[in-house]
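You will see two complexes here that share subunit A, one where it goes with subunit B and one where it goes with subunit C.
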Partner chain A sequence: MNAIGRPISRFDGRLKVTGGARYTADIPIPGATYAAIVHSSIANGRTVSIDTTAAEKAPGVLAVFTHRNMPRMNPTPKPWSHLHPHGQSYLPLQDERIHYAGQPIAFVVAATLDQATHAGTLIRVEYEARQPVVFGPQTARDAVDPPQFLWPVASSVGDAEKAIAGAAVKMECTYSTSDRHHNQMEPHATTAVWDADGALTLYETTQHIFGTRELVSIVLGVPPEKINVMSHFLGGGFGGKAYVWPHTLLAALAAKTLNRPVRVQLTRAQMYSMVGHQPATVQTIALGAGKDGKLTGIRHESISPTPVFDNYIEYAALVARSLWAASGGISTNHKVVHVNRNTPTAMRSPHEALGHFALESAMDELAYATGVDPVALRLLNDTQIDPHSGRPFSTRAMRTCLTAGAARFGWDKRTPEPRSMRDGRYLIGQGMAGAIYTHWRWPAKARVILKRDGSALVEAGTHDLGTGTYTVMRQVAADTLGLPPEKVSVRLGDTRLPASHASIGSATMANAGASVMLAAKAARDRAIELALCGRNAPFSGELRDDVLISDGRLVLARKNLQITYAELLARNGLATLVGDGNYDPVEEANGPKAIFSFAAVFAEVRVDPDLGLVRLNRFLGMYDAGRTINPKTARSQAIGGIIWGVGQALLEQSETDPMLGRFLNRNYSGYLVPTNADIPALDVLFVGEFDEEASPLGAKGLGELTAVSVAPAIANAVYHATGKRVRDLPITVEKLL
Partner chain B sequence: MHPFTLSTVDDPAAAIAAHARDPELAFIAGGTDLIGLMKDHVALPERLLDINRLPNMARIEAVPDGGLRIGALTRMSDVAADMEVRRRFPVIAEALLFSASGQLRNMASMGGNIMQRTRCAYFRDEDDPPCNKRRPGSGCSARHGLNRNHAIFGWSESCVATNPSDVAVALAALDATIVVRGTAGERAIPSTDFHPLPGDAPERDNALGRGDLIVSIEVPACAEGRASHYLKIRDRQSYEFALVSAAAAVATDGRSIRSARLALGGVAHKPWRLRAAEMALRGASLDDIDTLRAAIARSFTEARPLAHNAFKIDLAQRVALRALQTAGARA
Partner chain C sequence: MTHDDARVPVSMTVNGRVRSMTVEPRTTLLDALRDELGLTGTKKGCDRGECGACTVHVEGRRVLSCMTLAAMQNGRCITTIEGLERDGDLHAMQAAFIEHDGFQCGFCTSGQITSAIAMIEEAKAGWPSAATADTGRPFTMADLSRAEIRERMSGNLCRCACYPNIVDAVAEAAGRS
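Moving on, here comes the complex of A and B:
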């Protein structure tokens, strides 16, 4: 009766569909006041005057903050640290400068949200405006080398240039991706409450409660132990809630000044400028190969925009370092262009989902240039040694993904010639791509409490982004304790619980999950200890290794003895038995093996050649993400990731007006995400191989892997259908007419 | 949102009088467009008058001669589901079903639908960029800005916006009339005259003035009604405004076109009737694609692209052709 590996439905599903799950902005707070943020309509310059007179007199208004009266904030040491994660280094309402459109310039607090919002419209701002710098082909020429913040900015193994120059087949192409926004259904929200002792509670839409605590501690100058951060449910994170953004700091300081709880929730439009986004990229790929398709050299370079005050790098060229082998060498590099915009941030499958579009499109172009089948080309360049680090991969089931995925998809029935497959008036195209995704090993703590009623409680300072954390942690604890999952409950999202890492990078299962497993083991071992040597010990004098755990009982099969957890605790006069789990792995980069997740994905599109319309017919993904803990939530992650990728491929682009320098389509009607009608049945398969290097649970990262390479698979299918190679996402009607 | 009061009215004369004397009052029916405009600070009415209780304005009458009279307060979903509408004028039902979402169609009224304002992102931007439709004289940000979704016909330097209504395109093709009651009594406005071109006064979306209330939409009987079709092209499959759409209706003798009606959506400040094409299509065979294509091209001599929408000139002709062929297959 293992819980792990079973497709268990979410335990919190009923709460969510009945409205019983309280999201951050739903939590009632006695005496709460409400804030509205007024933002800049210009993208570059400064405010000359901000007239708040009418707003201050408006009904219900308690205070209007601008840079003139907002308390000062401490600068942060460096943005994007996982320890104190600040989304951007520029602090709000500290001076009169304007660096980007939609920048906060006033913070209005009133008795009701409507009063605050209305008062905000009464504020009159006079600007001194300068022409904003926006990202485009002309500014891309001003790209500069940024300092490193995650991985090295550039890499070089062997001599890629020489290998490409001397190759029998060579090609060089430029690919571009659009600015995109996370567009979580749940807008970012903060409720800040100070108590009489100067302790701060933040109800926060965050994927990183402990990091939020550290960052707020630094900026506000309040000791971290005086701050508690809570995030019980998230209505989508996708990386956009991994860092601290201006509204959180503003709410905390306003609440302190007013000595009242303050709640702020971003408007849909403000979610385009007050929190991060995925920056556009312009990527150049050069490939050298033999006539047989065997790669000799890869060069991958990417340029992306960053604000004037930060050096955010979108590491799109990262993927070329480890996806395929190239005998002569691989080189990668990243540059940034400083423009008037807010700081980009990680968005579901950051780096990888952009880089794969370029690299896996280029691989398809190479397949056509050499006449080698796209699946065969990838099998030919597959490797068990990481080309970048020289380490063997812990597990790499790319070959299985390619061959089993192709078989299930029916790839052998595909005729390679473009425009060779039809269905009535429609052109049919089939395309595929391989994928690789970074695996993170991070420290995490958890606690498991066995109770006298025979149930168990898991406590871990991790988060449920909507992914099913509450459910999978139950499964992990249940199996380790030998309890049915119904007997286990889970508490997450509170800095009073054992510290865990940010729920980013698809790392929660492997790392926070490992800490839960270790905590459950510790609790179980303490129970065994009591059974062997406790008061009135039932297994006195027996060997620890002979004790089995099953259905809430400790069993000594050899002597036909057993005792329940409940009775054991009662016999020892204990209310609870606590196990602490401290997962403290070596960082992946310093380990003996290279750890990544892998996938092969296959797309079939239907193109109406008269009207330029592309529709997805079917999609198959085969994923090597280690052991599958819960096939149901894993499948849910996968179909969500594929849909995310369909948006990238066909629909999503945050459009910047070149004169105003602002994102123009700041709502769901202008920014298109897929609807149900855009998505056919999706076929999802898992290799499911246990990876002991990745995690004691055997799991590798899955969630983001599934959004990788959807776009190149679709673009390659569009080429197969139409003979048109689209190197610029999204693929819209005008690119196919 | 700007504060406002809400009251209700159940007498048409009282509603008209209130609207005529109070420039800060707006009628509200489904509210599916108005509320969004208010949230975005495009519309700032002081007073809303709920007209949903006005009598006899939410019904569909199948007129014995083959026409329809659709009350202005009839919900989009009710019109789309009506058997006589679907039998007599499938183009109307299709245009409605390809609009918005099920939830919105259950709320939105027919009168409100043809009054919905442009989806131009500059017009709806809460940060109020230059827009002559919103602030006359402030300029047009879209003219030299991002204008992929904007007009290719009839635009002016003052405004390049398009009308977003789908059903208005079908109504224009069918020569429907908009019945309006005002302070001076009732009048019928041809649907093709209901929306003006922008010219120098793009702030005007339609022919209504203060005190005007749309009472009904009348669709006259016509030989082409039954063989009609609405084709909508958009980037995603559902829940989006048209990039280009076409309403087509034909009457035939065998495979020969006796008469055709064609109107386009997403290309102008109003539903754009292709009259030159309609003339040229008379007598053409539905099987002679080259002739159909050439006939449609006659209406495109006056098309003028903007920086980002030149493709729509080609696309619109393809969409018109496909709509005509589909309608023809129903003849």
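Moving on, here comes the complex of A and C:
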């Protein structure tokens, strides 16, 4: 029985429900010292003086680092790359300048955390402050063209302007989204330990152990082979732990200077300025269409803030390049505004979740302008050719997602007029949206070790962010080796293992998973080789293609012969049999097919007409993410993505003080995330098929896809319920009153 | 704030064992469990009583261990996530969380499970919640609907957002208890 495709419970489940899973800050380190970070209270200027006298004398304090005594760092490499990924280029405690509020200005190390924290409060700072530049309607006018980051900044196919100008129906609207913070449950943490030979071990909350090793190597000037990074369990990543942030570098250098292990864990408030966030966007969409709703032109432009020292681009307009066909042309562009803030970063689902809010809201407006049903409008503009690259899509089950989703949701019972559906005194609204998500193809390595006891071990330098990697990699190896999954164990999250890519962009299953499959195949092939021509070979003289693998045995059915892996290894005097997997795909952009995941999502909301309070009644997501490896963990990722989108739609916003330029609501009571009481039953279905272009496993990305288009589906439902079109997220009560 | 680091003795029963230690007066129960006793299953998510990841039982009631000082717990009985197994068998709530995939990253899970176990005891004792329609009559276990579970579990945030699975797990365990 195949393990792939079965709803297997997580193999690390027992560890996680008993408190036995050790996250970064749980790992006991003999002789560990504790660090506290002191931050600038201004957002722009410089420190004139920092008096650390009292702090240095406080009980337990080992050292107080400021820009005066923190060792110098090498600059971060340019251009930015996933291979050596700095969170931000401006490095901590290197000079007296202040570029953003909450910038670290001192790093206190003491015997206990309480001692370090208390000593930090004794530091006195004098500033020379200047008025900070804050992102808003005024500064958005100063937007500039940034240099290329992940994709080309602008794109143009056909002549969108001409198509829109000549269209029978045309519309142009501006949509905006808020600054948001990841707020993973686990705060970022680092423990840095140097040994006597100058080798560094970093216990790190990271989605990218190898990238961390490369970046730390460059900035600290330590050869990468002398650095080991470990991340066995991660308490949520969502993109926010994919790159290297200042606290990691500070802990490593402080530990080296003091010759003691140093542990630092960010406080909840520090997670707003010490690590990245999702920047706000201001997006303009112009659509041109025929009276029948068929699109002739799309223009999508986005502006987002970035710090004075970096050019992070939130590629919100990326979505318009490939979601729907437009006969006359599609143009997209991105601009940035340099302001006093720390560097934004990828946050589930970067680029796409923001762009979809604008584009799929605009599509709903077009549906009402033309009188075409929103589902029918999308079916009309569906395409099997990627409008951006001209390549056919590898697989695109958008049509199935739309039609099957609408049928299951009961879309035909919806009356299209706004305010036409009610439940008692509540207004009921139903809205939907389509979704597309980028597919990443990255190189990955893995090793599979067959052991003499008949079990197997998978070793791969990838990560389990809660996504189920420990479980799905077992399933992949088990099926390839013909073993029950219980006989396979998995090691991840250690740079001494075969190198893998960052666990971001929903790429781990398709890429790291492929490397595990290849490694298992290599181990299996070596076993078959031994059975055919090893010592006392049981299948001597037979054909390789006649050998089958089942339940830990190699079987030659024709002659009724079989041998277990265990016996085969014993017979050949081998303790282990090792297979190496090296998955090295061409980049998606250079392949013959355009590869994306797709979805159609449907929301029903209940709005209190007097209070403007929006509650989600029900939600349905129909997903084409290729082949589903584990329906149980996949469904969990999907409901998590939907709820992540509910936060974007209705709750989450990091508010900035317009004068002080600092994030104000730096905690869970000010920054609202969905709670259990906010969430009804969710309906999740997978309709994807094996996509051989996406991965040898047939899987496409899922986790990020599911957080895409939740916000526009809810916003469209709110319009249907109330007749009010909210073009600014989140949809809070005052916008409906 | 104190400027010396005088430590105070405290003795509590943790997971059935008497544990004596000295702590700084400002040390929270959470930090004492993690740093003094090595019981790192209890997590620090916010350190200010907003997320629920640090939930433990004090005398059988759910308590946010980041919001109470270790020095105040002298003589008390405390149960953490590490103390729920019996002779190697998982507590029904732990098993239900695995079966229903009530977690992804697992960081909030210790708090979810300890909170859920105590929540069921609250329901058994007849405590109403903000979701209780009729507070005029005693609350019974038959009233513990999904809406009640959602409301009563909303002090425990889950950013992976396994909420529907958590409700499934808690409902199943409540039915068996």
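Methods note: the second predicted complex is superposed on the first by the 735 of 737 C-alpha atoms of A that agree within 3 Å, B and C clash if a C-alpha of one lies under 4 Å from a C-alpha of the other, contacts with A are read in each partner's own complex, and residues count from 1 in each chain.
What we mean here is this: contacts are C-beta pairs under 8 Å (C-beta built on N, C-alpha and C of every residue); 3 or more make two chains touch, one makes a residue touch a chain.
Because the structure is a prediction, the values reported are computed rather than measured.
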First, second, both or neither for A:611, with subunit B first and subunit C second: first
Touched subunit A residues, subunit B compared with subunit C: C
Touching partner for A:734 - first (subunit B), second (subunit C), both, neither: first
Partner chain in contact with A:669 - subunit B first, subunit C second, else both or neither: both
First (subunit B), second (subunit C), both or neither touched by A:385: neither
Partner chain in contact with A:171 - subunit B first, subunit C second, else both or neither: neither
First, second, both or neither for A:114, with subunit B first and subunit C second: both
Which superposed partner A:129 touches (first subunit B, second subunit C, both, neither): neither
Partner chain(s) touched by A:41 [first = subunit B, second = subunit C, both, neither]: first
First, second, both or neither for A:651, with subunit B first and subunit C second: first
On subunit A, positions contacted by subunit B and by subunit C: 114, 118, 121, 669, 674-677
Footprint of subunit A on subunit C - complex, ascending: 1, 3-5, 24, 26-27, 31, 34-35, 38-48, 50-51, 53, 80-82, 84-85, 90, 94-95, 97-99, 101, 103-110, 113, 131, 146, 149-151, 153-154, 156-167
Subunit A residues touching subunit C - in the complex, by the definition given at the top: 9-10, 12-23, 25-26, 28, 58-60, 112-115, 118, 121, 182-187, 233-238, 265, 267-268, 465-468, 632-633, 635-637, 639-640, 642-644, 667-669, 673-677, 679, 681-682
Interfacial residue positions of subunit A with respect to subunit B in the complex: 39, 41, 101-102, 114, 117-118, 121, 269, 610-613, 615, 650-651, 655, 657-660, 662, 664-666, 669-670, 672, 674-678, 732-734, 737
For the subunit B and subunit A complex, residues of the former touching the latter: 1-3, 41, 119, 121-122, 125-129, 141, 144-146, 148, 233, 235-241, 243, 311, 314-315, 318-319, 321-322
